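In what comes next, chain A is part of two complexes: it sits with chain B in the first one and with chain C in the second one.
Here is the complex of A and B:
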């Protein structure tokens, strides 16, 4: 077990290093976008003609000082790291005085509720379709499978727009935009959930339909490879039942699929950015999109930090999960025979 | 067990089929070890796949039947064999034991699946216990049951596979080149294990397929020599090794190394050429393009079968020989 511990420590150290580098980039990248967030805010204020240029200048310097943008870059960096260490993501520039944590906390549940079920459903259906097309062939392989391949080869916002046009604009079965009816405020009432469910169908199906094809093509290829393996022939020669053999194949073909699942979950927060924008879904994607347009550094940083943590954790878990599924990988990593 | 007139062809794209096994019949009695020998590409492993009921497309069985314990089935529809035949009547000892065990399952889990496939009332624990007992009877370590395949050595893996194949006491064990990937000492251990399995009467018949004639003479009491999908010669091991009749058998035997003093000085002869393309098998006798005794008739007509059911050769030259010998006997 000590070998396993040192393996684990080694992994953790590498991930910590990756995390530090990513944090630095996370700080720098938004600041490399041309333009100044305060310009945007002030220009919005002055367009109404409500402010004199004198006052605008005052507001401008006040905001610059407030956000610490007058300080040199390294000082900003230290302040950012210091705040981060206290778990403080700062104040949104564009929506001040809202705190970044609050904005993210409002948007995150919508994204997770949309994405996690979509990814899991798509993954499960895709893998089942993959194994079955490999094993059964026939109509499944020549009819159903190509249809999903066709769907998944279009960009996912295309499918979103097609669905939106067909089922919300042409046939007005589902609402066009939003996560719930604009006339409501989120509350745990029956009507609210009904409205949320209505708004859920289109973005959810656009994600699932895209995901199925991508997953099944990998699973199908792996399963066909495994079907040809000697152990399948040998098990058959001894009369082992078909469902047991499919179970062997499933487990052995699954490794790359697990990676796909973990990475999809890890990058979930950013995964459906455009889907959320197309459907004006009140999730992280819409928030990130708005923030980038307004040069809202703290929100961008907060969200990219979240994405980064998600991806790192997913990768870490994949490494561990491999060992559980395949004893040969476990043996090699901990050095047992 | 008797199999009759097996024909098994591989579908090969749009071209003609590969006639890998073309009209092979054989019989094996209880207690016998039947060896099948020949170069690679002569249809041995195809025959093994057909006999072990594991032929799958692109290998198509075109004809033939199998009789065992008073029951006769057509080999053409392999999927229609009752489940019990797989593993209980005929069992396969495969060519590459290295990859024949599921890499992500412990040996004991596979044993459970094999036993329960034939009797779902057996509890997993009882199945493992049955395997443990069997391993102990054969003086193999029972701890292999707890192992994953990658934790076993190549030789041990092949022996474990042999034990699993014979766990249900099959009537016929089809050993398809089980030693070809093993070093010499592991080969010996496997042969000893097979002999022990026969001695303990866990199995009663072995069909042993190999290109290794010296190995075959250690374990088999009958030998069939195959060439290009057909039987060239059948006889007891003694007859095949000491008095080969067919020119191909003769060539096979003279091309094996023998540490005997008398043959040490000789140059090995070998066989010229390579086995034919079985999409377009040669006319007449399929060996005639390589045969040192080739006659004019060989390329025109199928060779006759010369001899009895258990000792014959399919060859024009042997036919001529036996005629002149018969003629001489008649004269004297």
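Here is the complex of A and C:
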């Protein structure tokens, strides 16, 4: 067990390093923008006529002080890390005095509610389709599978746009935009849930179809590969029962699929960014889109940080789980390299 | 084994390269339907983007020629966009921009991947450890984050800069695969023979190791090209595309921003979406069918 601990420590160190690099990039890159980001914001506010010059001056000094932009870089970095440790991501440029974490907390549930069921449904259906097309050839393999293969090679936002046009604009079956009717405010009422469900169908379907495609292509290839493996032939020649062989194959073919599931869940925030933009869905993607248009760097940084944390945690958990599950990795980390 | 003279070694390396080339061009003798289809599609798309504007003499995709979302007509074959610009002209120029960005990104990713992969795989030891650690860290940090952060840090993004940014994030998988192949090729006899006959490290890598990876490198480039084109489109749709120019992603960006979908102006978004799908599908099909030809294990099925 101590060897496993050293494997664990090794992994923790690696991910800590990756996290530090990611944090540094997240801090540094937006500060490389020529000039002062606050200048850009304030000049845009004044040319838009939203602010008088007196008010602009006030906003300017407030922002400079808030971000500590008058201080040297290393002090800014320490301050940034200190704020992060307290869970404070700062004030939004465009929507001050709203804090970045509040904006993200409002958008995140929408993204999770859209992505998590889509990933789980797509993963389950995709794997089933992949296994079935690999074992039972025929109509499924020649008719249904190529359609999903085509869909999986399609950029996911293109499918989203086409679904939106077909089913919301051309045939007006579903609403064209938003997460719920614009006339409503989110409340736990029957009408609100109905409206949210209607708005949910198209973005959800566009994500699920792509996911089924990708999963089934992968699972079919894995299953065919395993069906042809030496251990299957050997087991057959020994007279091992079919069910048992299928169980072996399934276990081997599922391992990469489970990894894929974990990584998809980890990258769920960035996985549907453009789907949300296409459908004006009130999640992280739409928040990011608006923030990029308004040069709202604190919000952009908050979102990139959120994406990074999700992906790093998922990768870490997968590595640790592999240390348990995969005997090859277990042997390699314990024994010789 | 006979004693290897330097003449023998150079003859050997030459024939290895020729075998690699013959194997690569041998695919033309084994063209299957999928390869034919994807190849034709790509030739058409590239011809459309590169030669189209020259042949038709439509060199300015930014010129206003109509009103807001004029429907397709005899002069505006695909109507006009939100700024009254000709969608057909934009589609040609956009395709070209997307392809250029994809090629720049793909070449950059392959070059970095080959450099890091061969150095790590051939030199081994501490160099390998450091380079692979670096590669693994880059793999772990999601590329979309780096792309967003780099793009907002550069306020005016040229086509070339976009290609460089995208290539900068997509090399690690190539580096990993190249390293694995290099370290297995390194111990082959013909490499030993060349080394004994006094070949330098660089010429060893170029003449004894790279030819064996030629088919892999071509495949990887096709995939990287696809990734590059799609990454550009994704960034453009987020509002971080190349400045002052038009790409397929930029066309979709404007179409979404100006409600082309919701007002039913299909000519604003169907052409770029269709072209992106066509390019992605053709490149993946090309990759799969060439892979099948070069990889006999897959061909059986």
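Please note the rule applied: the second predicted complex is superposed on the first by the 266 of 337 C-alpha atoms of A that agree within 3 Å, B and C clash if a C-alpha of one lies under 4 Å from a C-alpha of the other, contacts with A are read in each partner's own complex, and residues count from 1 in each chain.
Rule of thumb we're sticking to: a residue touches a chain if its C-beta (ideal position, glycine included) is under 8 Å from a C-beta of that chain, and two chains touch if they have at least 3 such contacts.
Just so we're clear, the structure is a prediction, and the values are computed from it rather than from any experiment.
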- Query: Is A:150 touching the first partner chain B, the second partner chain C, both, or neither of them?
  - Reply: second
- Partner chain(s) touched by A:244 [first = chain B, second = chain C, both, neither]: first
- Query: First (chain B), second (chain C), both or neither: which does A:252 touch?
  - Reply: first
- Please work out whether A:78 is in contact with chain B alone, chain C alone, both, or neither, and reply first, second, both or neither. neither
- Query: Regarding the shared-chain residue A:230, is it in contact with chain B (first), chain C (second), both, or neither?
  - Reply: first
- Which partner does A:165 reach: the first (chain B), the second (chain C), both, or neither? second
- Task: Please tell me which partner, chain B or chain C, touches more residues of chain A.
- Result: C
- Once the shared chain is lined up, is A:139 touching chain B (first), chain C (second), both, or neither of them? neither
- Query: Given the complex with chain C, which residues does chain A contribute to the contact?
  - Reply: 14-15, 17-18, 21-22, 25-26, 29-30, 32-34, 150, 153-155, 157-158, 161-162, 164-165, 168-170, 176-177, 224, 267, 270, 273-274, 277-278, 288-289, 292-293, 295, 297, 300-301, 304, 307-308, 311-312, 315
- Message: Which stretch or stretches of chain A touch chain B in the complex?
- Response: 229-231, 233-241, 244, 248, 251-252, 325-328, 331, 337
- Write out the stretch or stretches of chain C touching chain A in their complex. 133, 136-137, 140-142, 144-146, 148-150, 152-153, 155, 230, 233-234, 237-240, 252, 256, 261-262, 264, 266, 269-270, 273-274, 276-277, 280-281, 284-285, 301
- Across the complex, what residues on chain B touch chain A? 52-54, 56, 83-88, 91-92, 94-96, 98-105, 110, 113-114, 117-118, 148, 150-151, 161, 164-165, 168
